Structures are given as structure tokens and as C-alpha cells.
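Pasting the structures here.
In what comes next, subunit A is part of two complexes: it sits with subunit B in the first one and with subunit C in the second one.
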Partner chain A sequence: MNLTADKPIAIPVPLRPGALPLARGFVTIVVSTLALLVVCALVTPSAIAPGALAGSLPFAAVLAIVGLAQMLVVQQGGFDLSVAGGVSLAVVIATHVPAGENAALPGAILMALGCALAAGVLNGILVGVLRLNAIVATIGMNALIYGGVFAVSGGVPRTTTSLLAAIAGGETFGIANAVWFALAILIVVCFVLKKTVIGRRFEAIGANPRAARAVGLRVRLHQTMAYVCAQILYCIAGLLIAGITREPTAFQGDPLLLPSVAVVVLGGTSLLGGRGFPISTAIAAFFLNQLSQFALAIGVPYSAQTIIQAFALGLGIAVYSLRRPRRVTKGAEPIKPFEKQPDTEENKNEAIVP
Partner chain B sequence: MKRLFRSGVMALTAAAVALAFSSTARAEVPSWCGPKKATLALLDGFGGNSWRLVTAASGKQEASLCPSITRFEYADGQGNTQKAISDIKSMAARGIDALVVFGDAGPAVLPALTEVYKAGKVVVPYRVDVGGKAGRNYTVFIGSSFKNDGENWGKWIKAILPNGGNLLFLSGPAGNSQGLDELAGLKSVLDDKYKFLNPAPFDVTNWDPSLTQQVLTAEIAKNPKIDVIVSDFGPSLVGALPVFKKFNRSIPALATSDGNSLGCFWIDNHKENPDFKLFTVATGNDNVRLAIDWAVAEVTGGKLPSEQIFKAPVFENSVTGQPHPVQCRRDLPGAIYLSAKLSPEEQAKAVNK
Partner chain C sequence: MRSPAATMEHQTVKAGSAVPVASAPTLIRLRGISKSYAGVPALSDVSVTFQAGEVHAILGENGAGKSTLMNIIAGAQQPDAGEIEFAGRRVVSMTPETAAALGIAISYQHPAVLDDLSVMENLRVALPAHLFAGRPAREVAQEILQTMALDVPLQARGDTLTVAQKQLLEIAKALAIRPKVLILDEPTASLDQDSTDILFRRIREVVQSGTSVIYITHRMAELRQIAHRVTVLRDGRVQGSALVAEVTDQDLLGMIVGRTLGSTFPPKASPNVADVVLKVTELSGRRFHNVSFEVARGQILGVAGVAGNGQTELMRALAGLQPAAGTVVLNGRTLAPHDLRHRAAFMPSDRHTEGLAAGLSARENAAVASLQKFAFSGLVSRRREVAAVSAAFGALAVKAASIEAPVLSLSGGNQQKVVMARALLSEPELIVADEPTQGVDVGARAEIYRILREVSAKGTPVIVNSSDATELEGLCDKVIVLSRGHVVETLTGTDVVEARIVAAAVSAETHAAHSIPRAAPHSKWRHIVQTDNAPTLPLALVILALALFGYSKNPNYLSAFNLTNILTLSTALGFFALGQTIPLLLGGIDLSVGPLAGFLVVVASFFINEGQSTGAIVAGFVLMAVGALAAGTINGLLIRFANFTPIAATLAMYIAIQGCSFLLRDGPGGYINSDVVAAINAQIGPVPVAFFMLLAMAILGEVGLRRLRSGWRLRATGSDEDVARRIGVPVDRTIVLGYIGTALLTALGAVMLMAQIGVGDPRQGVNYTLSSITAVVLGGTSLRGGRGTFLGTVLGALLLTEVLNIVAFIGLSQTYQYVFQGALILLATVVYSTVRGRAAMQDE
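Showing the complex of A and B:
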């Protein structure tokens, strides 16, 4: 949903108490995922074998974290193309700085987080304060971060430390630790976004920055914070990759750029900004990962694998585009966005239909 | 301060030059090194990984064996075709006599090579086919026989599985010619008793460890019996092989190219995985040496080498120990190649700079 300040819009049916329909994006992605799992079970049972899930879930977890990060930026109407650099920098710092010494790992993680913070603040200032185009600013930042990647690594991969491999690549209660990390991050993002004042303001600013400024919200600060949080999450994703793959390359973030945007869109967050759907985004990450496992498992040539993935992705996104006409209450007064203030009870609820 | 720094650098350079000269003076001058003084440049299309760093250091060492080479230059195209082309032209404009070129961009660099060759320079592209013809577009092309690698793997597979078996072949990006040549080599040795489980022609991994891990996960889940994995980039499998443990299965036999991290991985894991046998061919860093030999011979008037195609030798065989048992140097980085002529310590220096 994207509310614009100058165009009054018709509101959907007012919600009866206790009858909160689920968000459309959520329903779509859950149905798609279940359908995919059924297809997997029928056509390629190996794609959902316990071992296959154990092997592929850590990658879904990493994609979920990167997707949540991208979602925060997209909620502010931006795009963060410095995903690749952010993830790769964390990977090379976590593998090169300790150089195999477990004792040096905490220092390396702090260093990686520090770099992420700096990159995020710089991104935030460029986009939030100096009002540069987000795509241009983050492409520039990506190049800058890659300078750091080369400075640290020289482009050379290095074997990860055994401690990091145990933390990020290990399992707890039979489930990969990376999945636990992703779940924890998902809970934090959901809670902050949906249940705290900061989070509510953040969404309101994304939906309509001009209206938000008019009511005195600190638009620039919140927009800057989106980029900072995103970089911190990229960094965590990078640290996980460094542990999951024993000898990560220096460019491990590159293949994550497009999927990070894809899961945000599949999750139902509008590219124009506004409400975010963290749970749907995380499910979308699982969906996308399972989709590639499915394509691999049916054992068709690579060209057909690519086509299957593109087709499923296109179908997922088309579901949002082919909207039925919205039900409008007869005689309902159109409201202006100004009337939709962030701190009302109604707005705090995620389950409103957009 | 600045002056102090500069004089320090000069002293260091002088010392390095003196050292280089003293070592070359001691070594015997190879037959491909002629008497005519000349300058030489090594141009990489992309220099940003450990294999390329070791290869560039190997090329530099090979050139230093010939005292007639008075200057050695190196340029890294950074994966950018425009830069690679401008590197080729600018090296020629700066008066370099011989150029050894890793033409990653393929035929896209051919016009630049042709132009430089027609201007009278010695031009030796190697390893990646750039199209064109020797004597018309460049002096000579020094290829690498990936088919030979495939044949070596095939012979080993035949030795350990005389009654046939299930194979999984992983290569890099879709349609890369290296993978196709290797497959041709494999198929020339192995008959129908050996079944390829992967979709034809090979499983696409982009040589990326995380994609390799995902591809391998899907293949293991799908195929209850995998006897041999064939991969043309062994080190990218180090992260993926532990996936077998998640399925409670032994890592199968592996035919691939060498890398220090892979050797150490085998030593750590072969006891728990009874089927884990390892066979490697050299990763081929020394391909550059043959190209340098040719360029130097052409430009200095030395004796031309007899080979035009580099054949990577067999390196490790965990079954017979011939020509080498599995090698591991734990004190050095995982991303070096013990099969290369360049000493492991020098490689470590090259990748750790």
C-alpha cells in the first residue's frame, strides 16, 4: 500500500473487531510455499529429505537475514545495492583477520560489525540526509566496500576458523544454528517494527515521509537507521556464510543481491515503501531456496532449471500485480493519509488488508 | 620524512635487484633464453584470486631465470574487458617487447592482440582460447589440455572401480569449455558401465563454494549411490563434502585438481570415511611458465620449447601414493597449490601480500 499525500483514496471495508483477515502477501507466500512442498513431495521427494533440508536450510536462513535487511531499506522507499559488498566484507574479515586462530575471532567479529556500522551510517547520510538517489549512492558504497574487501583479502579466499565453523555451521537440537540466528533476528525485527513506537514511526515514515515530517517525526534519522540496520544484518549474514562454507571466496555476497530484492517483493512489501512484512519475507526466503533445490533435484539441464525458477518467481510476483478490484464501502468517506496516524490502535495491527 | 621514506624504498629496491641478480647469476641459463636483451609483460584478465596470484608469481619467477629480460611488468585487468584491452595497448606503447596474455575475455581481446602483434611485438596468449591464428593474430597460443585431465581422472576411476559405477561431474559456469573438454576426456576412457548422475553435460557450480554446497546437497539427496565425484576445482568442495555426514554416508572417491586445503581435509577425514579416496591432477599454475618460455625464446632468440600445449601432470593418488601421496602443509594458507613449481613458502607470500 502506498499512500500519497495529494490524492485522497477510498478505504477498504472497515474491520469488524475480531475478524482480522491475514495480509495478502502472507497468504500468497504461505500458499505458494505449501504448494511447492506438495509438488516436491510428489515429483522429487529427495528435495525435502531430512538431509537435503539440513543441507539447504542454512542458505535459506542467510537469505532470510539479507532479505529482512533489504526489506527495512525498501520500506523507506529505497534500495540497497551494497548487499554484495557488505556480506563479502564480513566474510573476508571473519576469515582473514583471525587467520585460523580462534582466539582472534571475537576481535574480528567486532571489527566486521564496526565496518558495517560505518558503511551503514555513510549510506544513511548519503541517502537520508543528502538526499542522493538510493540506487546510485549504494552502488558507490558497494564499490567502496569492495575496496575494503580487496584491502583485507587481496581477493583470496581463506579457510574459516574452527570456532566460527562450529558456531555458524553447527547444529542445536538437530537444527542448523544459522536457522536459529535467522529466527532470532526475525523475532527482533517483528517486535521492533510492530510493537514499539520506533517501529511504528519507521513504517509510517516509509508510507508517507511528507506527512510524517508534517507531524514532526524525524524522517531523516529513521531513513538513516534503515541503512545502518541493513548493514548490521548483512554483516551477520556474512559471518554465518563464513562459518557455513569452509573456504568462502572473497565475493560471497554477489549471488545474494537479486534474491534479496526478490524475497522482499515475494513477501509483499511494496517497492514504493511503507509497511513491511518480515514473516512473509522470511518464508519467501525459504520458498526461493526450496525452489532452487527443487530445480536441482528434478535433474533437468541447467537451462531448464533456470527457466523453472524464473517461471515460479514470475508467477509469485504476478499474484500481487493481478489484484481484484478493491471492495469499497458504499458511501464511505475518502480519507487523506494524514488521518492515518502511526500510533493509533488500528495501525499497530499487522493483519490489516492493504 | 618523505625523503627518508623514499631513500628507504630505493635501498630496498636496490637490495632486491641485487638479490635477484645474484640468484639468477648462480642459476644455469635455460635453453629458451637467448642473448638478445628484451622486456616482457604478463597481462591477466582477472587477477583477484589465489590461483592467479600464484600463477603471476610463477610467471615472474620463470622470467627472472633469463638474464636477457631486463624488465618484467604485470597488469591486472580486474575482470574488466575494457581495462584488459587498454592494458595490452598501453604495455605495447610503453615499449614492452613481449606480451604474455591470459585472455579471460576470449575473442574480445583479439583485435588488441592483433594490433600489437602487427606492430612487431611478440604476443603469446595462453590457457583461454582467444580465437584467431598463430602467425596472423599473435605469435603462438599456448593451450592447456583439459581433455588430458579428464583422461587421467577416467583412468583412475577405471582402476578403482573396474566394474563400473555412478559418477557425479561438477564444473564451473554453464557451458564453460574447460568442463566440456574434461567431459570429452572422461568419456574417451570410460564406457557405458560408468553412469553420469548429473544432468548433461555437468552440474553447474560457478566454482562458487556455497553454490557447490547446495548442488551437492541436492545430488546426494537424490542419488542413494554415488561412487565417484569428479570436480575440476577441488578446493571448492572442501565446504561441501561434510554434507555427506548429514546423510550418514561416507564421502565417496574424489577425482579433482589439487589444493592445500583439500589435501589437509583428506588427511583429517579419510579415516571416518572409508570410501574417501583422493586423486588429483595439478591445478595448472605452471601453464604460465610454458607461455613465458615461448615468449622469451621468441623475443631473445632462444631455443623454442617443443610443447605448445600444457599437460597438467598427475599430482596426488591416495590409493597408490604415486606420483605423490596426499600433501598437506598446515602451517601455510589453504589457498596454495603444492603441485606448482613455485615453492610453498613463496606461494604463501604471494597470496598473503
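Showing the complex of A and C:
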């Protein structure tokens, strides 16, 4: 009204669907993994010899499954420290309950899944509904689950059943079954996240819970679901370990806690929540595992391996945090020229990760 | 309108002001100040002078640049061009510190009051120490509160104050330093009449003593009451300055309005439509009251008012996102306000926090509210989704590389169109658009107006809140103007013009008297429940009860031997937990505590051996301290300067340190000198000396936390980093020092651990990370930061050790050890969060 139109209104041009762009995290982890394989091939061919791979891949597969589980929780801005308990419980149930009897295995597996479901629901209620801090709630839950581990096992290892060893430790088409399991889970996770209504909503809520709430999505329900799914995946990982390892201990899950977080970070998922990258996470699990193999092959002692992992992790975080815009305000942020401020009370309620 | 007394006062001011105004010395001179944000100018070539001994009001519409100007004077922001002169001398770079040193005090519109600190602590952390020197601090603090007649207990926590009380505290803080320049940014927005009167009295007093008061306001009535001189800003430019006594309201209004808006508006609806599609009756909620209006078919309703008068809350309530009472009739159906949540589409004003999911693509953002519509039995059909989103983007002329482009790669205007596409795809019955053109370029604005008009023409009612009166004039058929939550004017048809809207908004004289009730008197009991140390007493009782229970099962439980055992174990854990308390107080976490402890013991095991010289043993201890210092510094620097989250930084540190331990030793080795071990384990009676040291440390820490500036800074940073920065807390330094403190306390714990295990073992120590967090949480420290207690932490460590010990002692299996531990931490967290939640809710 004051002025004439200074720009012609654009004629609507329908946008082309366009290819799904590759996430940079994906490119980073794939390039790193390929580089590692090339280095292995040049320096220590033994580290990627079929025999070495066959030996180490099942463990990479387990790590991938646990990493995917942790990713689901991290995506929702959470953090799950009950990995160790979840995995260990499945391990001891699968070994102690059947006590070597193959016939008792299905029952044991059902029992393990039931326990996982219960633990997941409890975690979900504590974090999603009661709004407890995720770290504290899952530390507490982990202790409770370990109570269960001791109740079942008394803390002693037990030889696995031959059936489970055949299923989880066997090979199909020359590739370890554990890898097939991991692949199947990866496909399911990708499919659910990308193709189903639930998964799409889940991603949107993780990416911005406040925006999701503003369009009427059920934020707490989906956050609770993340913990339930995570426990189920821990349980599957535990069952696989019980089959792969001849005589698994009662603490088989402990060494998986930190790597589970590490692969999520290396896969490009932000610890502040947001979109999750399942394929990158799985590749990161392979990468981390292969890194250890490489270190072993060039004669680095166990000690230095974790230092290498720490550097890889630190580098990964640095790469991602440098290119990601700061979500948490630090530094003197310019105050916007508008005089409105977002409702900070709600911000505080949404913050889960310290 | 005005009471006789106020009129008289007004006249006295006028009479008094006539003399000093002309000859008063200039205190601050701004020359050619310009500032832009991301290319959008907020201030252009602003030159103003502020004289000593007068009140200089800055008037202007929302977004005119007033707050930016204040932030520049207070040093919170740096201008892109121009210079600031203070008392005749040029200030090269104005920082908050310089401003404070020059005697510039600012009272922010959003009070810089920390919720987790008491009123007393809020005063002491923000004000210079010399104010409290020589007299009991309580007396000084009481005096400061009395200047604004603020009647709250000094020990009341910030979060128990009402908005008005916080505002009064904020003003009192600014007045306390007897400033040469006092900046008040919309100080009366939440004050009732009495408090406003007190404020005006204080302003007159400080002006009398030569202070220059810069008073930002939207309200013409206030300006007449208090200001001597007025400068009007519009679009970031000075429109003019005048003596208040010499300028009429009409002239001022003329300077305020008349924003240029470079875009066209679509034609309005025909004025004679009787078909009402939306009728809202007596809608009340937080910050708005008895709002009623009708929207006819094809009409767009505008919501206007000075920012912060309930418009945002009204919009949220209309979208069903905020509780409200009243009735809504939409398309002939009578609904409760919360029913609107699934019928209305909300376009939030802040696209980044509430509108868009930053990590997702434009398509995903647009489709999120209508996925069900594209799905068959739970599976989203990509074909249908892409078709619908493409069609919507086409209709809205969204410009993007492709529909898969990351939504943040789009321009502001196109981002807003994505939000609109999302709203339209969900086929809503009502569209609630809060500031739909904020941060949108001119071209896109015209398109957004066009789209809103089209939607409205199709029969979907559209409600637009805008702080831009020109926009409302051009876009809306009807405008309601809010002031302090009440509709003060409803304009329709040809009355919808900027001047009428602005006049209604700035002339309204409704005060907050009835809208913001005074808080109920604070009971003593509540303050005890509210203190950080409230958990200590119940914790001590639980510890005692548990001890008696153990004793009843087995008299040996309280034997000297077992007591020593428990106390020794809890001393090591206690030190780690004390360390862990610091990052949790800061709202962070330190996962590297456990491995660091183990590593330091491994380091010690090379020096502190049997037969080593005293020098070597001392070197061992020094190296432990150095190692801790290094780890803490790296943690702190990574978190503050490399943008790592605390979890990520300390997780990397966790793994790296563990590697270092294994690098030094691949198995247990290096027995620790038995004399040293004996010295560390020295006892007085059954109690280890070290336990006394732990207690002393906790008490010292506790005193520091409550009584020292560094303690207040620590809690202020954890409570709210931005507020802490505004009141002058060196946030980065505080956090880095905090992580260093954690590492040093961990080193003390490592000394205890060394005496317990007696050998360097790379596998030891790791578990202390989780148990230290457990102990801190049991002790009552909140993981949200800002609230915590060292004393509680020690008790938490004691309780945890006791539980583990008692299980073994009364012959229960390890199962119970874990179950009790888990149940204890969950129970404690639930109890703490409910107690705190309830205490906080009482103020709602």
C-alpha cells in the first residue's frame, strides 16, 4: 500500500523431488573406514585377512546393534547407561536358565526379551514421563538390572548351549550369523525410521521436541519408546554374545558401554539429540572394531589401542562440533533485534543432557 | 485519568526540570552509532546525548532499536560503527566491565535474577564487594531491598519470586551502586501502581543527585509522568528529540508511526459478511484475561499491542498449546480451548526453537504434521508425500534447491513458507500465526500476506499477531489491541490504521495491579525445604537407621573394625564425589573421574615404593597433582573452547586416560610404600584421620559455595549461563577452574585409593565414575546445575558405602547389593524431583 511491489511475485515452479543428500557424517565415516582398510591392506594385510575378519566381525556386529540402540536414545536427547546391565542380563539368562539344555533355550530367550521389555518401559517412564535426568535414571536402572544378573547367575560364568552357539556363533553363506542379525536389525531400524509414520514422528521429535509439541505430536510417548527399543536391542546383542562366546561372564556388557556411545558420536549423531544416522553408526562400529584389529596387528599393546580410540573419538567429535552450528548458547550471542524471548522455563524442562 | 497528586507531582517535575535541563552537563554522547544483525540494520547512524540530572525517555515501536541501543551503552553489544563518549572522553570499546567501572547500571526488561540463588546471593554476586564492606551484609541487603519496598526474605530463592518481585530486585540492584547513568528497560511492564509510584520516586531522587536516567518505554502516559526529554526511534533511526514539556502527544505519535514497509498487501475482505466462523468468548489464561472476539468468513484478525502484553500467550492458547478457560465456537461447534490443539495450525514466532526441526529437510519439516494423511496402515507413501509437499511448495512459491534441501539452507522467508506449508498440509480449521513475517525479506512478505489472505478467503479463520502495526493495518480486517492482557480496543474496517493501533497500545493505562498477585507470605518451613542442604538431615537419619538395623542383625556391625572399614571406603568415594559435585553444580558432568583416579595410582606406583628416597616419594605426589591438573584443564578447555559437550569431552578423556594407565602398566605392579600407606590410613580411635579431612574439605567447600564470590559464581553459572554472563560472571574461567577443581579432588581420592589397593593396577578406579555420580545424586545435588551441596555429597558417599557393606555383613547375596543401590538412587531422584517440583509449582 505504501509502495508499489518492488519485486514481481514469483511464479510457482514445482520443485523437483531431488535425490536424498548424503549426510556428511556418513561421508566422513565411510571415507575414514576406507582409508583404514587401505592402510590395513598396505601395512598389515593380516588384519584384513579373511580369518581375522571372521574372528572380529561378530564383535563388530554386536557393537553395531548396541550402538543402534544407544543411537535411538541419544536421538531423543537422552543417554542410556543401562547398556551394560541390559546386555549382561540377556547373556546370563541365555546361559544359566537353559543350563546347557537346548530345549529350554526358547523359553530363556522369551524370558530375556520380557525382562528387557520391562526394563525399557521402566526406563522410559522414569525419563520420558517422570522427567528424571536420563543419566541418573539409567545408572539406577543399570544397578537394578545387575541385581537381576546376580539373581540369575550368582556372578559366575556358564557354558553356553550348543543350540545358541550354532545360531549366534554359526555362519551362513560364509558370513557369521551375528553379522546377518546386525544387518537385519539395521534394515529394520532404517525402515521404521524412514518409512513409517511412527518412525518419521520419532525423528521429528528428536530433531526438535518443542516444534513437535507445537504441531501436536506425543513427545513423551515417543521418548519412552526409545528406551524400550534400546533395551530390546541390548537383549538381542546379549543373546548373540551368549552364542558367540563359549563361556560368557556375567559382566559381558560392561565393556560395551563407552564404545556404544563412541560409535553413535562417530556416526554423526549429536549428543544433544536430533537426527540419527543408523547406517553411519553401524559403519562406525566396524571402523572402531577394525581400528583395534589394526592396532593389534601392528603390535600395539592393548593399552595404546584405547588411546587410539580416544583420539578417533575426539577427532570425530571435533569434526562434527566444528561444522554444526552451536545449539547451546555460548560466547556473547547477539541479542536478536526483536524484543521477544523464547519461554525459557520450557527450555529448561526439555533439557535432559547436561 | 491521573490522580490529582500525580498531576501535582508531574507539575513540580516540570517546574524543577526547566532550570537544570538547559545547563546540565552531557554525560553520554553517542555519535553515528550503527548496528546490524545478519545484514538487517537495527540501528543506523544514531546520535543522542544524555545529560546528567535528567530522565531521558527513548520511545519507539517494537523493533525500533531501543533495546539494541541500551545494550550498546551497557557494553553488552558492540556497535558496527560510531563512537561513545562518556563525560567528554571517548570510550574505545565499551564492555560490561568498562560500563560498570564508569558507573553505568542497567535494569533489564527480563530481570537478570538467578533462580537457584537466594535474594541475598543474587545481590552479592552481582554487586561490587565494597558495597558490603564494613557492615553486616544482611543490613546492606535489607537496605537495598527497601529502596524498592521489596518485602521478601533474604534467604528466599530466586525462583520463589514473582515476575514483579524479580523486576523490583533487578531495579534495586541497579540503584544500589549509585550509578552515574541508570538505564531502565521497560521497568514497569509487570509492576502494579504502588511499585510504579515507588520507582518514580526513586528516579526523581537519583536525578536530583545528578544521575542521568535513560528510560525505555512504550507508554506515553509514563513518559509524561517521569521524563524530561524524549527521543523517538523508528526503524533504527532517530526521528527526533524534544523536551517532554514542549511536545504534544500528537507530535510524538506522528514520530513513532509511519514505518515504511516495502511490500504490498492483498485486497481486504468485503466488509459486509455476517457469517461468523470463529467466536471466542471470555478467554482467560496466563497473562491474558477475558478476551472476546469474532471472526467472520474471509476475515483476518490481527492481535496488536506492545510486546509482552499477553499476545504471545493468547496465540498459544488459541492454538491449544497453553491452558485457558473460556469458550470457543469454531464452525458452529462449541469447543473447550484445549480441543483446539488438533484443529488449529500454529505458526510460532520463533522459527528456530519451535517452528522447524533444524536437522531435517524441507520435505520432512513440511510433512511432519500430516504424515497420517500420506500413509497406508502406518507406512508413509513416499509418492503421495512428495506429491503433496511439492504441490504445497509450488503453491507457496517456496524457493529451494530441492524439496530435500536441509531446511536451514533456505532463506528466512522460505523457511517461514515451509512452516506455512506444514500448517496448510495438515488441513487445519484455524490458523494461528504468531509474527508470521519476522525475519522475512520484503519479497517473501508480500507472498505470505497473499497466502494468508487466500486461506482466509476459503473460509479458514486466520489470526495474526504482529508487533508491526503497519503490517496489521495492511493485512487485517479487524484488530484487537492488548494491554497487560486485556483487550483495550477493537478496531474494524476503516479504523484499522497504524495510528489508531499504536495510539491504543501506547496510551493504555491499565496497570498490572490485579493481573499479577503478590506471592503468598513465605513460610519458614518452605525455605528450609528449599535450601540446598535440606537433604542432609533426612540422609543422616537414614544412615543412622541403617546402622542400627545392621547392629540389630549383627552386633559386630558397629564394631570398631567395621566402622573403620566403612569410613575408609567412604573417604575415597567421598573425595571423588566431592569432585563430581562441581561439574554437576555447573550443569555438566565428569565421566573421567574414575579412570583418572586409577591412572594417578598407577603413576604413584612408580615413585611411592618401598625403599624409595623421600625425594622420589614427594615427586610421586607432585606428579599425581600435575596429572590431575592436566586432565582437568584439558576437560575444561575442550568443553569451553572446543565446543564439546561435557559428556563427549570427558568420555574421550575417560578412554584416553584408561589407555594411558595400560600404557604405563599392563597389570598390577609397583607396591606402594607401607609407611606412606600407614600414614594415609592413620586413625583417631576407629575413625580414619582422612575421614576428618574429607569432612573438613566438605565444610570448607560448603562455606565457599554459600559465602564466597567464587561459590556464587559457580552456582550462578550452573543456574543460568546467560544471566550469569549479563551480571558479569566470568563464565568460561569459572567452568574451566571447576573442572580443574574436580580433577584435584579426584587426586585426593586417588591418594586414598592408593592406600587401599596398595599397588598400581590399571584396572582399578574405573567404577568410581558411576559411583561418584550416584553419591552426589543421593546427596541431593540437582543434575540441572545451580543447586547442590558438598555436605550432602559426603553423606551420599557414606550411605552408598554403608548399603554395600550391610548387604555383605548380614549375609545377603550380591544381588541385593545391586538392587539396593539401584533402588536407592531411583528413589532419591524421584523424591528430590517431586519435592522440588512441588515447591516450584506452588508459585504457578
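The working rule: the second predicted complex is superposed on the first by the 295 of 354 C-alpha atoms of A that agree within 3 Å, B and C clash if a C-alpha of one lies under 4 Å from a C-alpha of the other, contacts with A are read in each partner's own complex, and residues count from 1 in each chain.
Just so it is clear, contacts are C-beta pairs under 8 Å (C-beta built on N, C-alpha and C of every residue); 3 or more make two chains touch, one makes a residue touch a chain.
All of these numbers come straight from a predicted model, not from anything done at the bench.
When both complexes are overlaid on chain A, the residue A:Pro301 reaches subunit B and subunit C alike. Contacts of A:Ile167 after superposition: neither subunit B nor subunit C is touched. When both complexes are overlaid on chain A, the residue A:Arg275 reaches subunit C alone and has no touch with subunit B. Once the two complexes are overlaid on the shared chain, A:Thr44 sits against subunit B while remaining clear of subunit C. By the touch criterion defined above, A:Gly155 reaches both subunit B and subunit C. Of the two partner chains placed around the shared chain by superposition, neither subunit B nor subunit C is touched by A:Val30. When the two structures are aligned on the shared chain, A:Ala212 is found in touch with subunit C, with no touch to subunit B. Within the superposed three-chain arrangement, the count of touched residues of subunit A is higher for C, of the candidates subunit B and subunit C. Of the two partner chains placed by superposition, only subunit B is touched by A:Ile241; subunit C is not.
Contacts of A:Leu117 after superposition: neither subunit B nor subunit C is touched. In the superposition on the C-alpha atoms of chain A, the part of subunit A touched by subunit B in one complex and by subunit C in the other spans residues 150, 154-155, 301-303, 305. Taken in their complex, subunit A has these residues touching subunit C: 1-7, 9-21, 79, 81, 126, 130-133, 135-137, 139-151, 154-155, 195-198, 200-201, 203-204, 207-208, 210-217, 258, 261-262, 265, 270-272, 274-275, 301-311, 313-314, 317-318, 321-322, 325-326, 328-330, 332-342, 347-348, 351, 353-354.
Contact residues on subunit A toward subunit B in their complex (touch as defined above): 44, 46-47, 49, 51-52, 54-56, 59, 150, 154-159, 241, 244-250, 252, 255, 292-293, 296-297, 299-303, 305.
Listing the residues of subunit B that touch subunit A in their complex gives 47-50, 53, 174, 198-200, 204, 208-211, 213-222, 235-236, 238-239, 242-243, 246-248, 261, 265, 333-335, 351-353.
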